[in-house]
Amino acid sequence: MADFAKERNWDQFHSPRNLLLAMVGEVGELSEIFQWKGEVPKGLPDWKEDEKVHLGEELSDVLLYLVRLSDICGIDLGKAALRKVELNAIKYPASKNYGTNDDGTAEMCG
Amino acid sequence: MADFAKERNWDQFHSPRNLLLAMVGEVGELSEIFQWKGEVPKGLPDWKEDEKVHLGEELSDVLLYLVRLSDICGIDLGKAALRKVELNAIKYPASKNYGTNDDGTAEMCG
Amino acid sequence: MADFAKERNWDQFHSPRNLLLAMVGEVGELSEIFQWKGEVPKGLPDWKEDEKVHLGEELSDVLLYLVRLSDICGIDLGKAALRKVELNAIKYPASKNYGTNDDGTAEMCG
Amino acid sequence: MADFAKERNWDQFHSPRNLLLAMVGEVGELSEIFQWKGEVPKGLPDWKEDEKVHLGEELSDVLLYLVRLSDICGIDLGKAALRKVELNAIKYPASKNYGTNDDGTAEMCG
(Lines give C-alpha, C1' and ligand atoms only; values in the text may rest on other atoms or scores of the structure.)
Protein backbone atom coordinates (compact mmCIF):
# COMPACT_ATOMS: atom_id res chain seq x y z
CA MET A 1 0.00 0.00 0.00
CA ALA A 2 2.87 2.35 0.79
CA ASP A 3 4.46 1.67 -2.62
CA PHE A 4 1.08 2.04 -4.31
CA ALA A 5 0.59 5.49 -2.76
CA LYS A 6 4.20 6.58 -3.35
CA GLU A 7 4.15 5.70 -7.05
CA ARG A 8 1.13 7.96 -7.43
CA ASN A 9 2.38 10.75 -5.11
CA TRP A 10 -0.67 10.23 -2.93
CA ASP A 11 1.14 10.43 0.40
CA GLN A 12 0.05 14.05 0.57
CA PHE A 13 -3.59 12.91 0.89
CA HIS A 14 -3.04 9.96 3.16
CA SER A 15 -3.33 11.63 6.54
CA PRO A 16 -4.69 9.53 9.41
CA ARG A 17 -8.16 11.10 9.47
CA ASN A 18 -8.50 11.08 5.67
CA LEU A 19 -7.75 7.36 5.67
CA LEU A 20 -10.05 6.72 8.62
CA LEU A 21 -12.96 8.41 6.86
CA ALA A 22 -12.14 6.51 3.66
CA MET A 23 -12.32 3.31 5.70
CA VAL A 24 -15.69 4.35 7.19
CA GLY A 25 -16.85 4.88 3.61
CA GLU A 26 -15.85 1.33 2.71
CA VAL A 27 -17.54 -0.07 5.83
CA GLY A 28 -20.66 1.67 4.56
CA GLU A 29 -20.34 -0.03 1.17
CA LEU A 30 -19.84 -3.37 2.90
CA SER A 31 -22.97 -2.77 5.01
CA GLU A 32 -24.98 -1.96 1.89
CA ILE A 33 -24.35 -5.48 0.62
CA PHE A 34 -26.05 -6.92 3.71
CA GLN A 35 -28.67 -4.23 4.34
CA TRP A 36 -31.83 -5.71 2.78
CA LYS A 37 -31.03 -9.38 3.26
CA GLY A 38 -32.38 -10.12 6.72
CA GLU A 39 -30.40 -12.75 8.58
CA VAL A 40 -27.79 -14.38 6.35
CA PRO A 41 -26.58 -17.95 7.03
CA LYS A 42 -22.89 -18.82 7.25
CA GLY A 43 -21.16 -19.56 3.98
CA LEU A 44 -23.77 -17.52 2.08
CA PRO A 45 -25.34 -20.61 0.42
CA ASP A 46 -27.91 -18.61 -1.58
CA TRP A 47 -25.60 -15.91 -2.90
CA LYS A 48 -24.66 -15.77 -6.55
CA GLU A 49 -21.01 -15.96 -7.51
CA ASP A 50 -20.86 -12.30 -8.55
CA GLU A 51 -22.33 -11.24 -5.20
CA LYS A 52 -19.57 -13.15 -3.42
CA VAL A 53 -16.94 -11.54 -5.63
CA HIS A 54 -18.40 -8.12 -4.82
CA LEU A 55 -18.39 -8.97 -1.11
CA GLY A 56 -14.73 -10.01 -1.35
CA GLU A 57 -13.93 -6.66 -2.93
CA GLU A 58 -15.64 -4.64 -0.21
CA LEU A 59 -14.05 -6.68 2.58
CA SER A 60 -10.72 -6.08 0.84
CA ASP A 61 -11.30 -2.33 0.60
CA VAL A 62 -11.82 -2.15 4.36
CA LEU A 63 -8.65 -4.18 4.88
CA LEU A 64 -6.55 -2.07 2.50
CA TYR A 65 -7.48 1.20 4.20
CA LEU A 66 -7.05 -0.38 7.63
CA VAL A 67 -3.53 -1.53 6.72
CA ARG A 68 -2.68 1.86 5.22
CA LEU A 69 -4.11 3.76 8.21
CA SER A 70 -2.10 1.62 10.63
CA ASP A 71 1.08 2.15 8.64
CA ILE A 72 0.61 5.93 8.46
CA CYS A 73 0.03 6.00 12.21
CA GLY A 74 3.24 4.05 12.81
CA ILE A 75 1.38 1.05 14.22
CA ASP A 76 2.56 -2.48 13.40
CA LEU A 77 -0.89 -3.94 12.81
CA GLY A 78 0.22 -7.57 12.62
CA LYS A 79 2.06 -7.32 15.92
CA ALA A 80 -0.78 -5.37 17.57
CA ALA A 81 -3.38 -7.91 16.40
CA LEU A 82 -1.44 -10.92 17.71
CA ARG A 83 -1.04 -9.14 21.05
CA LYS A 84 -4.77 -8.35 21.11
CA VAL A 85 -5.68 -12.00 20.48
CA GLU A 86 -3.55 -12.95 23.50
CA LEU A 87 -5.22 -10.27 25.63
CA ASN A 88 -8.65 -11.47 24.50
CA ALA A 89 -7.77 -15.06 25.42
CA ILE A 90 -6.81 -13.90 28.92
CA LYS A 91 -9.91 -11.73 29.26
CA TYR A 92 -12.25 -14.46 28.06
CA PRO A 93 -10.76 -17.81 29.15
CA ALA A 94 -12.46 -20.71 27.36
CA SER A 95 -13.12 -22.48 30.64
CA LYS A 96 -15.22 -19.61 32.01
CA ASN A 97 -16.80 -18.39 28.77
CA TYR A 98 -18.11 -21.55 27.18
CA GLY A 99 -21.38 -20.85 25.41
CA THR A 100 -21.41 -17.19 26.21
CA ASN A 101 -18.95 -14.92 27.93
CA ASP A 102 -19.66 -13.19 31.22
CA ASP A 103 -22.00 -10.62 29.74
CA GLY A 104 -23.99 -13.09 27.67
CA THR A 105 -22.38 -12.16 24.39
CA ALA A 106 -19.76 -13.54 22.04
CA GLU A 107 -17.61 -10.45 22.22
CA MET A 108 -14.14 -11.43 21.09
CA CYS A 109 -12.49 -8.09 21.49
CA GLY A 110 -13.72 -6.50 24.72
CA MET B 1 -10.14 -16.61 15.16
CA ALA B 2 -11.98 -19.79 14.20
CA ASP B 3 -10.20 -21.76 16.93
CA PHE B 4 -10.83 -18.96 19.42
CA ALA B 5 -14.57 -19.06 18.72
CA LYS B 6 -14.77 -22.87 18.62
CA GLU B 7 -13.03 -23.30 22.00
CA ARG B 8 -15.71 -21.04 23.50
CA ASN B 9 -18.66 -22.49 21.54
CA TRP B 10 -19.29 -19.05 20.08
CA ASP B 11 -19.90 -20.20 16.52
CA GLN B 12 -23.61 -20.01 17.30
CA PHE B 13 -23.33 -16.22 17.66
CA HIS B 14 -20.95 -15.59 14.80
CA SER B 15 -23.41 -15.07 11.99
CA PRO B 16 -22.38 -12.72 9.17
CA ARG B 17 -24.58 -9.81 10.24
CA ASN B 18 -23.71 -10.19 13.93
CA LEU B 19 -20.03 -10.00 13.05
CA LEU B 20 -20.59 -7.09 10.68
CA LEU B 21 -22.34 -5.07 13.38
CA ALA B 22 -19.62 -6.00 15.86
CA MET B 23 -17.09 -4.64 13.35
CA VAL B 24 -19.09 -1.42 12.95
CA GLY B 25 -18.98 -1.11 16.74
CA GLU B 26 -15.18 -1.37 16.67
CA VAL B 27 -14.94 1.18 13.85
CA GLY B 28 -16.91 3.47 16.15
CA GLU B 29 -14.41 2.94 18.96
CA LEU B 30 -11.55 3.63 16.55
CA SER B 31 -13.25 6.84 15.43
CA GLU B 32 -13.69 7.96 19.02
CA ILE B 33 -9.89 7.99 19.42
CA PHE B 34 -9.61 10.54 16.62
CA GLN B 35 -12.82 12.49 17.14
CA TRP B 36 -11.68 15.56 19.10
CA LYS B 37 -8.15 15.80 17.74
CA GLY B 38 -8.55 17.92 14.63
CA GLU B 39 -6.10 17.05 11.89
CA VAL B 40 -3.50 14.54 13.08
CA PRO B 41 -0.03 14.40 11.47
CA LYS B 42 1.46 11.14 10.19
CA GLY B 43 3.30 9.07 12.76
CA LEU B 44 1.30 10.68 15.59
CA PRO B 45 4.32 12.62 16.95
CA ASP B 46 2.41 14.18 19.87
CA TRP B 47 0.59 11.07 21.07
CA LYS B 48 1.53 9.45 24.36
CA GLU B 49 2.66 5.84 24.35
CA ASP B 50 -0.54 4.61 26.01
CA GLU B 51 -2.64 6.38 23.37
CA LYS B 52 -0.70 4.58 20.65
CA VAL B 53 -1.19 1.24 22.42
CA HIS B 54 -4.91 1.95 22.66
CA LEU B 55 -4.99 2.86 18.97
CA GLY B 56 -3.22 -0.41 18.11
CA GLU B 57 -5.88 -2.29 20.05
CA GLU B 58 -8.79 -0.66 18.26
CA LEU B 59 -7.18 -1.12 14.84
CA SER B 60 -6.70 -4.78 15.80
CA ASP B 61 -10.30 -5.19 16.89
CA VAL B 62 -11.48 -4.02 13.46
CA LEU B 63 -9.06 -6.45 11.82
CA LEU B 64 -10.06 -9.41 13.97
CA TYR B 65 -13.77 -9.01 13.21
CA LEU B 66 -13.01 -8.38 9.54
CA VAL B 67 -11.01 -11.62 9.34
CA ARG B 68 -13.69 -13.54 11.22
CA LEU B 69 -16.50 -12.08 9.07
CA SER B 70 -14.64 -13.00 5.89
CA ASP B 71 -14.03 -16.54 7.11
CA ILE B 72 -17.68 -17.06 8.13
CA CYS B 73 -18.75 -15.80 4.70
CA GLY B 74 -16.42 -18.25 3.00
CA ILE B 75 -14.28 -15.48 1.53
CA ASP B 76 -10.48 -15.89 1.35
CA LEU B 77 -9.63 -12.36 2.47
CA GLY B 78 -5.92 -12.56 1.67
CA LYS B 79 -6.59 -13.75 -1.85
CA ALA B 80 -9.39 -11.21 -2.37
CA ALA B 81 -7.23 -8.34 -1.11
CA LEU B 82 -4.30 -9.19 -3.40
CA ARG B 83 -6.70 -9.37 -6.34
CA LYS B 84 -8.22 -6.02 -5.35
CA VAL B 85 -4.78 -4.35 -5.22
CA GLU B 86 -4.18 -5.58 -8.77
CA LEU B 87 -7.56 -4.26 -9.91
CA ASN B 88 -6.81 -0.91 -8.23
CA ALA B 89 -3.46 -0.69 -10.00
CA ILE B 90 -5.21 -1.22 -13.35
CA LYS B 91 -7.97 1.25 -12.52
CA TYR B 92 -5.53 3.91 -11.33
CA PRO B 93 -2.31 3.53 -13.36
CA ALA B 94 0.53 5.52 -11.81
CA SER B 95 1.33 7.21 -15.12
CA LYS B 96 -2.14 8.75 -15.37
CA ASN B 97 -2.87 9.34 -11.70
CA TYR B 98 0.26 11.06 -10.45
CA GLY B 99 -0.65 13.67 -7.87
CA THR B 100 -4.31 12.95 -7.92
CA ASN B 101 -6.40 10.39 -9.71
CA ASP B 102 -8.94 11.31 -12.34
CA ASP B 103 -11.51 12.59 -9.90
CA GLY B 104 -9.06 14.69 -7.90
CA THR B 105 -8.84 12.30 -4.98
CA ALA B 106 -6.46 9.71 -3.64
CA GLU B 107 -9.01 6.92 -3.74
CA MET B 108 -7.13 3.65 -3.67
CA CYS B 109 -10.08 1.34 -3.82
CA GLY B 110 -12.56 2.77 -6.28
CA MET C 1 -27.18 22.11 20.45
CA ALA C 2 -25.63 25.44 19.47
CA ASP C 3 -26.55 26.96 22.86
CA PHE C 4 -25.31 23.86 24.63
CA ALA C 5 -21.90 24.14 22.96
CA LYS C 6 -21.67 27.92 23.36
CA GLU C 7 -22.38 27.83 27.10
CA ARG C 8 -19.45 25.45 27.47
CA ASN C 9 -17.13 27.21 25.00
CA TRP C 10 -16.99 24.04 22.95
CA ASP C 11 -17.36 25.70 19.56
CA GLN C 12 -13.60 25.48 19.23
CA PHE C 13 -13.84 21.67 19.11
CA HIS C 14 -16.92 21.40 16.97
CA SER C 15 -15.37 21.34 13.53
CA PRO C 16 -17.18 19.40 10.80
CA ARG C 17 -14.85 16.41 10.79
CA ASN C 18 -14.63 16.24 14.60
CA LEU C 19 -18.42 16.10 14.75
CA LEU C 20 -18.60 13.57 11.93
CA LEU C 21 -16.20 11.23 13.72
CA ALA C 22 -18.13 11.73 16.96
CA MET C 23 -21.27 10.70 15.09
CA VAL C 24 -19.52 7.62 13.68
CA GLY C 25 -18.60 6.76 17.27
CA GLU C 26 -22.25 6.95 18.29
CA VAL C 27 -23.32 4.83 15.30
CA GLY C 28 -20.83 2.26 16.61
CA GLU C 29 -22.45 2.33 20.06
CA LEU C 30 -25.87 1.94 18.46
CA SER C 31 -24.62 -1.04 16.45
CA GLU C 32 -23.24 -2.66 19.60
CA ILE C 33 -26.76 -2.82 21.01
CA PHE C 34 -27.86 -4.95 18.05
CA GLN C 35 -24.66 -6.88 17.38
CA TRP C 36 -25.29 -10.23 19.11
CA LYS C 37 -29.04 -10.35 18.79
CA GLY C 38 -29.58 -11.99 15.40
CA GLU C 39 -32.67 -10.78 13.61
CA VAL C 40 -34.78 -8.52 15.83
CA PRO C 41 -38.56 -8.21 15.26
CA LYS C 42 -40.28 -4.84 14.93
CA GLY C 43 -41.32 -3.21 18.19
CA LEU C 44 -38.64 -5.16 20.09
CA PRO C 45 -41.19 -7.34 21.94
CA ASP C 46 -38.58 -9.26 23.94
CA TRP C 47 -36.47 -6.33 25.04
CA LYS C 48 -36.41 -5.21 28.66
CA GLU C 49 -37.41 -1.68 29.49
CA ASP C 50 -33.85 -0.62 30.36
CA GLU C 51 -32.61 -1.95 27.02
CA LYS C 52 -35.18 0.19 25.23
CA VAL C 53 -34.17 3.24 27.26
CA HIS C 54 -30.54 2.57 26.33
CA LEU C 55 -31.49 2.21 22.69
CA GLY C 56 -33.36 5.53 22.83
CA GLU C 57 -30.24 7.18 24.22
CA GLU C 58 -27.98 5.86 21.48
CA LEU C 59 -30.44 6.79 18.73
CA SER C 60 -30.57 10.25 20.30
CA ASP C 61 -26.80 10.59 20.39
CA VAL C 62 -26.64 9.95 16.65
CA LEU C 63 -29.39 12.53 16.11
CA LEU C 64 -27.75 15.17 18.30
CA TYR C 65 -24.42 14.97 16.50
CA LEU C 66 -26.18 14.86 13.13
CA VAL C 67 -28.10 18.04 13.96
CA ARG C 68 -24.96 19.73 15.27
CA LEU C 69 -22.89 18.65 12.25
CA SER C 70 -25.53 19.99 9.87
CA ASP C 71 -25.69 23.29 11.72
CA ILE C 72 -21.91 23.74 11.73
CA CYS C 73 -21.84 23.02 8.00
CA GLY C 74 -24.51 25.64 7.38
CA ILE C 75 -27.03 23.06 6.18
CA ASP C 76 -30.71 23.42 7.11
CA LEU C 77 -31.29 19.75 7.92
CA GLY C 78 -35.08 19.99 8.22
CA LYS C 79 -35.38 21.67 4.85
CA ALA C 80 -32.88 19.31 3.22
CA ALA C 81 -34.67 16.24 4.60
CA LEU C 82 -38.09 17.34 3.36
CA ARG C 83 -36.59 18.01 -0.07
CA LYS C 84 -34.94 14.56 -0.03
CA VAL C 85 -38.25 12.84 0.80
CA GLU C 86 -39.78 14.54 -2.24
CA LEU C 87 -36.87 13.46 -4.43
CA ASN C 88 -37.18 9.90 -3.13
CA ALA C 89 -40.91 9.87 -3.92
CA ILE C 90 -40.14 10.92 -7.49
CA LYS C 91 -37.30 8.41 -7.81
CA TYR C 92 -39.36 5.55 -6.41
CA PRO C 93 -42.99 6.15 -7.39
CA ALA C 94 -45.33 3.90 -5.43
CA SER C 95 -47.03 2.71 -8.60
CA LYS C 96 -43.80 1.29 -10.02
CA ASN C 97 -42.10 0.19 -6.81
CA TYR C 98 -44.80 -1.75 -5.02
CA GLY C 99 -43.29 -4.69 -3.17
CA THR C 100 -39.74 -3.90 -4.15
CA ASN C 101 -38.17 -1.04 -6.05
CA ASP C 102 -36.48 -1.49 -9.38
CA ASP C 103 -33.35 -3.09 -7.96
CA GLY C 104 -35.22 -5.49 -5.70
CA THR C 105 -34.57 -3.58 -2.50
CA ALA C 106 -36.44 -1.25 -0.20
CA GLU C 107 -33.95 1.56 -0.60
CA MET C 108 -35.68 4.75 0.44
CA CYS C 109 -32.85 7.12 -0.16
CA GLY C 110 -31.16 6.14 -3.40
CA MET D 1 -41.45 7.67 6.48
CA ALA D 2 -44.07 5.17 7.66
CA ASP D 3 -46.50 6.32 4.94
CA PHE D 4 -43.74 6.26 2.36
CA ALA D 5 -42.92 2.63 3.19
CA LYS D 6 -46.56 1.55 3.47
CA GLU D 7 -47.51 2.98 0.07
CA ARG D 8 -44.75 0.85 -1.43
CA ASN D 9 -45.38 -2.26 0.69
CA TRP D 10 -41.84 -2.01 2.01
CA ASP D 11 -42.67 -2.72 5.64
CA GLN D 12 -41.65 -6.31 4.99
CA PHE D 13 -38.04 -5.15 4.44
CA HIS D 14 -37.88 -2.56 7.17
CA SER D 15 -36.71 -4.70 10.07
CA PRO D 16 -34.57 -3.02 12.72
CA ARG D 17 -31.25 -4.50 11.60
CA ASN D 18 -31.98 -3.94 7.90
CA LEU D 19 -32.61 -0.27 8.64
CA LEU D 20 -29.58 -0.02 10.90
CA LEU D 21 -27.30 -1.38 8.17
CA ALA D 22 -28.94 0.94 5.64
CA MET D 23 -28.13 3.83 7.98
CA VAL D 24 -24.51 2.66 8.31
CA GLY D 25 -24.38 2.68 4.52
CA GLU D 26 -25.54 6.29 4.46
CA VAL D 27 -23.02 7.27 7.15
CA GLY D 28 -20.41 5.80 4.83
CA GLU D 29 -21.62 7.95 1.94
CA LEU D 30 -21.54 11.00 4.21
CA SER D 31 -17.97 10.17 5.25
CA GLU D 32 -16.93 9.85 1.62
CA ILE D 33 -17.81 13.51 1.09
CA PHE D 34 -15.30 14.52 3.76
CA GLN D 35 -12.66 11.84 3.24
CA TRP D 36 -10.02 13.57 1.11
CA LYS D 37 -10.57 17.11 2.30
CA GLY D 38 -8.32 17.37 5.33
CA GLU D 39 -9.64 19.68 8.01
CA VAL D 40 -12.73 21.56 6.86
CA PRO D 41 -13.64 24.97 8.34
CA LYS D 42 -17.11 25.72 9.72
CA GLY D 43 -19.66 26.88 7.19
CA LEU D 44 -17.72 25.20 4.36
CA PRO D 45 -16.62 28.52 2.80
CA ASP D 46 -14.74 26.89 -0.10
CA TRP D 47 -17.38 24.36 -1.10
CA LYS D 48 -19.29 24.73 -4.32
CA GLU D 49 -23.05 24.97 -4.19
CA ASP D 50 -23.57 21.49 -5.67
CA GLU D 51 -21.25 20.00 -3.06
CA LYS D 52 -23.35 21.57 -0.32
CA VAL D 53 -26.54 20.25 -1.92
CA HIS D 54 -24.98 16.79 -2.06
CA LEU D 55 -23.94 17.09 1.59
CA GLY D 56 -27.49 18.07 2.53
CA GLU D 57 -28.77 14.96 0.78
CA GLU D 58 -26.42 12.61 2.59
CA LEU D 59 -27.14 14.22 5.98
CA SER D 60 -30.83 13.77 5.17
CA ASP D 61 -30.42 10.13 4.24
CA VAL D 62 -28.87 9.42 7.64
CA LEU D 63 -31.74 11.29 9.32
CA LEU D 64 -34.45 9.51 7.32
CA TYR D 65 -33.17 6.04 8.20
CA LEU D 66 -32.60 7.10 11.82
CA VAL D 67 -36.21 8.29 12.09
CA ARG D 68 -37.50 5.15 10.42
CA LEU D 69 -35.34 2.86 12.58
CA SER D 70 -36.56 4.59 15.74
CA ASP D 71 -40.17 4.28 14.65
CA ILE D 72 -39.85 0.58 13.80
CA CYS D 73 -38.25 -0.02 17.20
CA GLY D 74 -41.14 1.77 18.93
CA ILE D 75 -38.89 4.56 20.20
CA ASP D 76 -40.19 8.14 20.26
CA LEU D 77 -37.01 9.75 18.95
CA GLY D 78 -38.06 13.35 19.61
CA LYS D 79 -38.90 12.58 23.22
CA ALA D 80 -35.76 10.48 23.72
CA ALA D 81 -33.54 13.19 22.24
CA LEU D 82 -34.96 15.94 24.46
CA ARG D 83 -34.47 13.71 27.49
CA LYS D 84 -30.87 12.99 26.40
CA VAL D 85 -30.10 16.71 26.08
CA GLU D 86 -31.29 17.17 29.65
CA LEU D 87 -29.15 14.25 30.84
CA ASN D 88 -26.14 15.67 28.99
CA ALA D 89 -26.67 19.08 30.62
CA ILE D 90 -26.66 17.41 34.05
CA LYS D 91 -23.62 15.28 33.19
CA TYR D 92 -21.66 18.19 31.79
CA PRO D 93 -22.70 21.34 33.73
CA ALA D 94 -21.50 24.48 31.97
CA SER D 95 -19.93 25.79 35.17
CA LYS D 96 -17.59 22.80 35.47
CA ASN D 97 -16.98 22.07 31.80
CA TYR D 98 -16.12 25.46 30.37
CA GLY D 99 -13.51 25.09 27.65
CA THR D 100 -13.31 21.35 27.90
CA ASN D 101 -15.24 18.80 29.88
CA ASP D 102 -13.66 16.67 32.56
CA ASP D 103 -11.86 14.38 30.16
CA GLY D 104 -10.48 17.15 27.98
CA THR D 105 -12.97 16.68 25.17
CA ALA D 106 -16.10 18.32 23.88
CA GLU D 107 -18.18 15.18 24.20
CA MET D 108 -21.81 16.23 24.22
CA CYS D 109 -23.35 12.84 24.59
CA GLY D 110 -21.30 10.86 27.06
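Chains: A, B, C and D, in written order; residue numbering restarts at 1 for each.
Criterion: a residue touches a chain if its C-beta (ideal position, glycine included) is under 8 Å from a C-beta of that chain, and two chains touch if they have at least 3 such contacts.
Note that the structure is a prediction, hence the values are computed from the model and not measured.
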Winner on C-beta contact pairs when B-C is weighed against C-D: C-D
Centre distance in Å when chain C and chain D are each reduced to the mean of their C-alpha atoms: 4
Chain centre separation (chain B, chain C; CA means) in Å: 23
Junction residues of chain D, two or more chains touched: 13, 15, 17-18, 20-22, 24, 26-27, 31, 34-39, 105-107
Arrangement of touching chains [line / ring / star / complete / other]: complete
Touching residues (chain side chain B, partner chain A) in the complex: 1, 4-5, 7-10, 12-18, 20, 22-24, 26-27, 30-31, 34, 37, 39-44, 52, 55-57, 59-66, 68-70, 72-77, 80-81, 83-85, 87-89, 92, 94, 97-101, 105-109
Chain D-facing residues of chain B, complex: 17, 20-21, 24, 35-36, 38-39, 104-107
Of all residues in chain A, those that touch chain D in their complex: 13, 15, 17-18, 21-22, 24-29, 31-32, 34-38
